[in-house]
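Just so it is clear, A, B, C and D label the chains in written order, and each chain counts residues from 1 on its own.
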Amino acid sequence: MFNALNSLITSGSGVNLLIIMIIVPALLALITIIIPKRSYFGRAILFLIATVVNLLFAISLFVGEEMTMLIPWADFGINLSLRVYDFSQFMVLAAACFAFLVALYSISFMRNKSYSGKFFFYYLITLALVNGALLANNLVVMLFFWEGLLVTLFGMTIIGNAKRPAVAMKALILNGVADLLLMFGIAITAMQAGTMAMDMIVDIPMEGLGIVGFVCMMLGAIGKAGSMPFHSWIPDAAEQAPLPFMAILPAALEKMLGIYLLVRVCLTFYDFTPGSTLSIVVMAIGAITLVLAVAMALIQKDMKKLLSYHAISQVGYMILGIGTALPVGIVGGIFHMINHVIYKCCLFLTAGSVEKQAGTTDLNKISGLGRFMPITAICFIIAALSISGVPPFNGFFSKELIFDAALESGVIFYIAAILGAFLTAASFLKLGHAAFFGPVKLPEDVREKDMMEAPGAMLLPMIVLAAFCIFFGVGNAIPLSIIQPLLGDALGGANFAGWPHSTVLVLISIGVLLLAVLNHYLGYRRTGEGIKAVDHIHYLPGLHQVYNCAEKHYFDPYNILMLLFKFISYLCFAIDRCINWIYDVLFVKTIQGATTAMKNFNSGSTSRYIAWMFTGMAFVLMMFILLL
Amino acid sequence: MQTVIMFICLAVMLIASVAAAMLWSRITAAMCLALTSVSLAVILFILHAPWAALFELSVCAGLVTVIFASTISMTREYRQPDGTPSEYHVRFAPLPFILILVGVVLVAVVLISGFDVNITATESTTAVDTFKEVFWNTRQADILGQIIIILAGAFAVAILFKESTKE
Amino acid sequence: MPAYFATSMYAFMGAPLLVILVLTLAGRKLAEKWALTVGYIVGIIQMLTSIIAIILLWQYNKASITFSQFWSIQANDGAAYFSADVFSLIALFCIGMVTFAAFYTAKTMIGKKAFQFTNLMMVMILGMNGLALVTDLFSLYVFLEITGVSSYVLISINRDNKGLEGGFKYLIMSAIASAFILVSLALIFINTGSLRYEDISAISSSWMELSNPILILVAFVFLICGFSIKSGLVPFHGWLPDAYQSAPAPVSIMLGGIVTKMVGVYAIIRIVSNLLVESDTVVNTCFMVLALMSIIYGAVAAAGQKDFKRLLGYSSISQIGYIILGVSTGNILGYIGAIFHFFNHATFKTTLFVNSAAVEQQTGLSDITKMGGLHKQMPITGTSNIIAFLSAVGIPPLAGFWSKLFIIIAVWQTNGAIIASIALVASIFTAVYFLRIQKNIFFGPVNEKFADIKEAVKGFKLTEIALSVITIGCGLLFPVLLLLLQAQGIV
Amino acid sequence: MSILNIAILITAALLILTGLYMLINTHNMIKIIIAIEIVVKAVTLILAFAGYVTGQYAVVEAFIITMIVIEVVVAVVAAGIAVNVYKNKGNMDVSELKKLKG
């Protein structure tokens, strides 16, 4: 059926499926916004239809052949060029799946929200832009869609709380910086490669400007993915932005885009080899991100915020994996990216259900919700097990691949990864225990008898995603059979499907998990509350002060940046005052003085005039004598 | 002989003009100017410009002096702009010295540099052009200009010398 | 070219003479009534004739129109004939334009003296036309004096203290200038034996080989001083603001618009382009330094003025500086710029003087610090003022931009970046004092005293609009004009 | 006649100097006009000399005559202005003509 659809669209009329992928969501977004506000239902249906259509097209792309379209546009090699091949087929399909599931969820979630229309609009525009960025085959075209996402990101962050645009500004600025770096990187890359067609850029040597170009592009990519140091807007946004936004953008689509570009940069654009300095740099970024972010996640008392820190920390794993430049690491990174999107989406959706039903996600106010929302709780548990890397869920398999690569690249990275795994498990034990188990505790304005399971439209995506968690774990050969060919010859015929081949590593991982459980148990025993199970780490002498500072945003790169800007702006202000003084005081006074002098010069006396005339004559004479 | 007269005339011209400058009385100054004109007329005559000499004599020595005289008679000053004669003479006392100084300097410069005026006159140029032909044939624009400026003078007199009717 | 065409050029000299004759014969009453009307008709005739002449020159691809003698006793090849090339015709057009503006706005300003005013104006126009047409330095001097004499009388036509003072100062300085010019002519004559333009151009390339080279140098000094006085370059400028301020409104339109430019700038351009085409860097450097001083001095001094007309006088000093700066570069671009700026200056300075007359007439004041908010009551005057001053400052779509651009490029090419940037910076000062005018007179809160003031009468409005149209039109059609100039090879 | 030539030029220079000195130092309008006339005399002298040097006597004669006519007119206008100043103010002090300044 999809083949038929594909051939129907591509043949005859000459309209290309690739461009439809971009135009159709954008067009439907425009229609969504013009539907009257009252008919929420019509809007929602159209919104859902748009994502379904997008999914259908994505499937037909997936089953179709590799294809390219090229419309000559501006000069200098900037052409409207789109291309779909195995990697982007897969990515577009994944993006479409998540978009559909989250859309289904948000229809229910967004009911009775005043900004639902805007949300749907931005959502579809985002989808179009993501499709465009994934399909683009020209650096400038990709940059166009990439920058477009900045706008929708800003829009989606701000619609929930238009009166407090600080978070939106933060998101905009941090992403803007990252995009600026990307732009710079693209310029250098295009210069080095001599072309802007992405399929023509292969293995630029890492020397001179090439290094700058790689670093810039890499930073742009991981910035989009939400890695440190471009991460700090995500936890803030988690508190304020609508939850489906968190589920779709920072948790899913942005990760996919960022990692997609990172893979392309590392795998094809640049000659990125294992053990090189840059590889270590990338891995270091990944390791730092994963440890620091998960450490922050550990102490959060808010479900959404905790999850958002995990969203950052998991990116660290992906970057670490890809940064090793080993086939196993790259496969692991990509696989982890897919897995992460699945379970993190699922987790955010469960958080959304909790928020919808209980009215808050603050762990201090809620407890024991598993009794009222069993399906949500089960989904949560599956996803949590998955993110903690418990076999046989999907997270376990991708993490094992990354551990394998990390160990091969350096013990320190492996230790960081293991530490991350420990903290992840500990924080999810805490979260699950606090939110869904233990004694029932509800916010004051929610009565116990009103509490019930989330509506079906919200449950369905969760269930599907939880199922995928299990399916991709048990049947990991299926996703890996798609991912592994991406590496082509670099893979060297290896197959990472099935049970991890290194039993030692698996045992260590399981040991770490058991340690986490033990830690939780001890903490729980000490305090008697699930939420305080990790307090002994939180209030560890020395660590405590660091945490305090971090909670106060002292380490926030955004704040440091802003401080710097403040300083610069103060400097500019001082310079401006100085210039102003020159104009307002010095200039005026000088001119006034000069004018007064010249007024005296013309005193009205004829003899004076004649005397000046003689001066002039003497001057001319002097000139003649001097110059001849 | 002509040379001697020339020198005498130049000297008279210079002295008369210095006198015109230095004398306090306006009417005497005008007379000195007339004397300057007369000696200039003689010089012009010697320098082969008889018509110009005639004009100089009649117009500058005659008409202009009359204009000065009538203007002076029209304007009797109760308060002298230049102050008393002694003040005036003090102001003009440096003039002869300046003139002598400049004259000496100029003569010295001429003597040192050996400057001389090269005469380019030839017999042919003097023979062909008579004054009448030249004036009426080649200076027509100037004649037109003369007519216009006399018109302008007439209008100026009509405006400036008209008795103002007191409103 | 048709033979009768050259004869028709007598219009330039004949029409004003005819007007004088007719007005004198017509009788006082009739003459008083029609004098001003006849005056601006002369202006229109002159504009039309010069435009037609330019077009015909272009048509027949000739450099100039020459005149035979007025009367012919015996043909003589040394005859002092008249000749009109494109530059002359541009100058003649400007004269016609300013004449038109002066007469068209004079009605309310000149009152009972219309007859005498018209007669003297005709003499002045004759003088300037003669200046534009002559081909002989001595004739140039003659017409210089005609223009001068008539301007002294016109300035003091009201016989009030101010006018007499301005007229007398102008007269004295101008008489000295004439004497200087004549000295230099005599010294040039000693060397060349003739004062016709084509004969004296011989001294340009090789003055060292002349019979008396030292005297030529002295002549250059006197020449520069004489014409600098006539055109009001700093520090020879003392008389200029006084004369401009004291003259009655139509006369100051004439003075500011064209007279100073004709007796000073036109003559300098003529002499420099004939006498010193590719020669003396000394003369050019002298003019350049004087021009720079004028540009800066005029602009800075104008910034502190209170009297509208006096301010415009200083502004004229500055703008004349630009023209002379263009001339002093000695290259083609500079000449084009100078000539075009000559034209532009005539246009926008006339507009500004007309505006000053309009404002003075409506408010009875010429002190700009006492006015305010007149733009609402006098929108046409205010708008034309804006256009004129933008053109003077050199804002792109307007005519003034092109000429200044050319001048500055030419200066850059010949004298380097520093001098060009000085000229550019002075341009900012131009903006400063013009903005000051605009702010003080037309913008800001309405002064209660002037609450019931109306727009100036029809004559002013029409003139302002016409001149603004010329300013904008020339700016937009500049390439066409440039082509025309180049086709003539005049510059 | 070489000495004479130079004598004429030097005399002319000194005459101009005299005239200009007088122009600056006197406040009387009539004397100012006389000063200008003295300068004009010097110019006439130089012009005549120019004719003599080049042998173009006739041309220079025409120049001088035209110039004399012009200078008379200028003198008349100057005198006219002076008379009017006298009528308005009661004296002819040029140093009091200082209203226009700045």
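The working rule: a residue touches a chain if its C-beta (ideal position, glycine included) is under 8 Å from a C-beta of that chain, and two chains touch if they have at least 3 such contacts.
From a predicted model like this one, the values you see are computed outputs, not experimental measurements.
Interface comparison, B-D versus A-C: the higher number of contacting C-beta pairs is recorded for B-D.
Among the chains present, the centre nearest to the common Cα mean is that of C. Set against the C-alpha centre of subunit C, every other chain centre is closer than that of A. Distance between subunit A and subunit B, defined via averaged C-alpha coordinates, is recorded as 98 Å. The distance from the centre of subunit B to the centre of subunit D, with each centre set as the mean of the Cα atoms, comes to 6 Å. The geometric centre of subunit A is 71 Å away from that of subunit C, both derived from CA atoms.
Centre-to-centre spacing of subunit B and subunit C amounts to 31 Å, using the average Cα coordinate of each chain.
Annotation for subunit D: residues touching 2 or more other chains are 20, 23, 25, 27, 29, 32, 49, 51, 53-56, 59-60, 63, 66, 70, 73, 77, 80-82, 84, 94-95, 97, 99-102.
Subunit A has residues 599, 602, 604, 606, 610 in contact with two or more other chains. Among all residues of subunit C, those that touch two or more other chains are 138, 142, 145, 149, 152-153, 156, 159, 168-169, 172, 176, 190, 193, 241-242, 304.
Every pair of chains that touch is listed here: A-C, A-D, B-C, B-D, C-D.
In the complex of the two chains, the subunit C residues touching subunit A come out as 168-169, 172-173, 176, 217, 220-221, 224-225, 228-229, 233-236, 238-239, 241-242, 281-282, 285-286, 289-290, 297, 300-301, 303-304, 432.
Residues 20, 23-25, 27, 32, 94-95, 97-102 of subunit D touch subunit A in their complex.
Against subunit B, in their complex, subunit C makes its touches with residues 13, 17, 20, 69-76, 78-82, 113, 116, 119-120, 123, 126-127, 130, 134, 136, 138-139, 142-143, 145-146, 149-150, 152-153, 156-157, 159, 190, 193, 211-212, 214-215.
Residue ranges of subunit A in contact with subunit C, taken from their complex: 591-592, 594-596, 598-599, 601-602, 604, 606, 608-610, 612-613, 615-617, 619-621, 623-624, 627-628.
Those residues of subunit D that touch subunit C in the complex are listed here as 16, 20, 23, 29, 32, 36, 39-40, 42-43, 46-47, 49-51, 53-56, 59-60, 63, 66-67, 70, 73-74, 77-78, 80-82, 84-85, 88-89, 94, 97, 99-102.
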